[in-house]
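Naming follows writing order (A, B and C), and every chain is counted from residue 1.
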């Protein structure tokens, strides 16, 4: 029974991280109407930026290295948009997606070039966790949950209480109309990238804290982020949150019954299941 | 000389692989980013069967069938989706298949791979040496080219292109878009399986690490660089890229460099894809059709 | 030919089409008018199967077609054009035309190997007919151009020609004269009248009353998703309800 609760906790933990992935992904989808295939790499680079700043020659402790790491991630996100996606704003969908895929590949191998393909960690020893009600939870994991909550609250405030948030929602609803009405779409878009990058960076760091760093961590998490997005309804940021938690739980409870080698496939399986059962929710209208 | 022949074999295998993707992406407008899965299914199926002494003719047919069947199974739930969604699903599928190759050790020997794949014996003729294998692949490539050409130049192929251009209009003209897409996808998967089979028997050793996103990116690059939606595009693209990829392998470089060289080469591929899409998305060969100013 | 009973469709809280009943029988060219947002295009979409109705039935030549997928509706012999022309951009004018005929043997995969001669003959026949129609609509000099290179007016002609090529029993035209110059409008009207002679039934959404009056034998008027009037064009013009609908909006 303890084992079950432990799995549930792990599931919620992973779910929080996936929720942040999905929220970032769906934000960009909502504002620019395409699935950023390179989002996984934004996540991955966020994690590596921190690693870079914590290592030689900077050697900064985590709390201090965090801000510059996120700033670098934001830079990367805005750069992605400026150099790859903006020139293709009016191109056809296939062209855009192929470019995004190429970008993802470029970034992934960039990381491999700089840091190699071996698994790396931030170097915190695994301290023994507190035992509450028979479940073990480490300080790391508490940090993960708290950070996720902070991020989620922040996003909420941003979206529903700020003017920029309103602009973003307007742009995501109808880009043409927003432009005509004078909503500053350019800034709204940039802002969306900033937020998405922060979410990606934070979630990448949390993931690396919980597991490890490797250049390939982007791709499989893209699929999971996407599955979570689908579950919650594409473009719906709170749906993405919920979807993330569900996927996290499904993964950790799922490995109780199926082989752990397929843990990463569970998200995919859920996605396929959704497609079979409720395709109407996902049929995008052809433009 | 051997290097030259090796290059030719690799190029031709990738031509087949690229032609199969071109059918799906270039002609039908399907965003298949997991095409390597079917290449791998073909390779593993034929390898496993021939290792069990099943004659090559049969192994090949079964490998093709497996690739086609899995193409069918994947497409049923996902082909009604809009482009990006379908793209992610196929991407995910590619990863899942790789996981299957990796985890089902009882079947595929997992990460250790399958060594000693026998050379094919087709109609009592054994294609063991390099020139013989070149002949074999050339024959299959020509066959593939002809079959696909017949399909693409037919009314069926016309409908595929119409679907790519505007599926709503195609549907309004009475074409069952879903069925056409499925057929296109299955045929594409089938020929990808063929390419995979030929590749497996050529390298005689396959492992899950051979069927990753890199290969999908490579074949995608070949198709778009060469010119998607054209008959000779995949051929041209394969020549250019495989030549680049393989010849790098044969430069005698110090061992420490390879750690950096592989990701660097792949960064170039990624970057090339981006640059291509921004500056020349049609690729090298454009689709036929007079583009002169129509005026009024 | 076409019989609609009690058709309704809502999007969210908006009743795009409410309890609409109408029939197209022997009237060969029927018009559908109404202020913007009255549900005309939605009605077309319901007929062609692009969207499923919430309530009601649609019969075409005795067969029930509501809720059918668009390709099935088309196969019943109903072809439509779109408000914003939907031609196939990177295909030539000729190819656009050749796509139109239904049930082409060459579109069936297996037939490519076993019915080669039949396909060849069919293609030849289609090609001849297509070239004839291209000539009729006046696009002969553009037959090998990519459709995306045509002007808006030329694309409208192409879409019309393609609809004719499909040899349908009924053609739904969604604003066929929108956004084009008067001489082209005249040309399109002539084409429609010519096709009427060969027995095709037309159902036309139009804002241009001049076109409606000249072409149509009967007109239906929609307002807010409901049918508020029907009759001969001249009668409709003077119907107070219709006038109010257009002015009141």
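Keep in mind that, in the parts below, a residue touches a chain if its C-beta (ideal position, glycine included) is under 8 Å from a C-beta of that chain, and two chains touch if they have at least 3 such contacts.
All of these numbers come straight from a predicted model, not from anything done at the bench.
Asker: Which chain has its C-alpha centre closest to the mean of all protein C-alpha atoms shown?
Answerer: That would be B.
Asker: Where is the C-beta contact count highest, in terms of which two chains?
Answerer: A-B
Asker: Please flag the chain sitting at the greatest distance from chain B, going by CA centroids.
Answerer: C
Asker: Express in whole angstrom the distance between the two chain centres, defined as the mean CA positions of chain A and chain C.
Answerer: Inter-chain centre distance comes to 46 Å.
Asker: Using mean C-alpha positions as chain centres, tell me how far chain A is from chain B in Å, no decimals.
Answerer: Whole-Å distance between the two chain centres: 30.
Asker: Quick check: how many Å separate the C-alpha centres of chain B and chain C?
Answerer: 41
Asker: Residues of chain C that contact two or more other chains, please.
Answerer: none
Asker: If a residue has to touch 2 or more other chains to count, which residues of chain A qualify?
Answerer: none
Asker: Send over the residues of chain B in touch with two or more other chains.
Answerer: Each of 168 in chain B touches at least two other chains.
Asker: Can you check the complex and tell me which residues of chain B touch chain A?
Answerer: 25, 29, 31, 33, 77-78, 80-85, 87-89, 91-93, 95-96, 99, 102-103, 167-168, 213-214, 217, 220-221, 224, 259-260, 263-264, 266-267, 269-274, 276-278, 281
Asker: In the complex formed with chain B, which residues of chain A make contact?
Answerer: The touching residues are 34-35, 37, 84, 87-88, 91-99, 101-110, 112-113, 116, 219-220, 222-223, 226-227, 230, 259, 261-262, 264-265, 267-268, 271-272, 275-276, 279, 282-286.
Asker: Of all residues in chain B, which touch chain C in the complex?
Answerer: Chain B reaches chain C through residues 150-151, 154-156, 158-159, 161-162, 165-166, 168-177, 183, 229, 287, 289-296.
Asker: Considering only the defined contacts, which chain C positions touch chain B in the complex?
Answerer: 48, 50, 69-71, 74-75, 79-80, 82, 86-92, 95, 98-100, 102-109, 112, 119, 123, 142, 144-146, 149-151, 153-154, 162, 166
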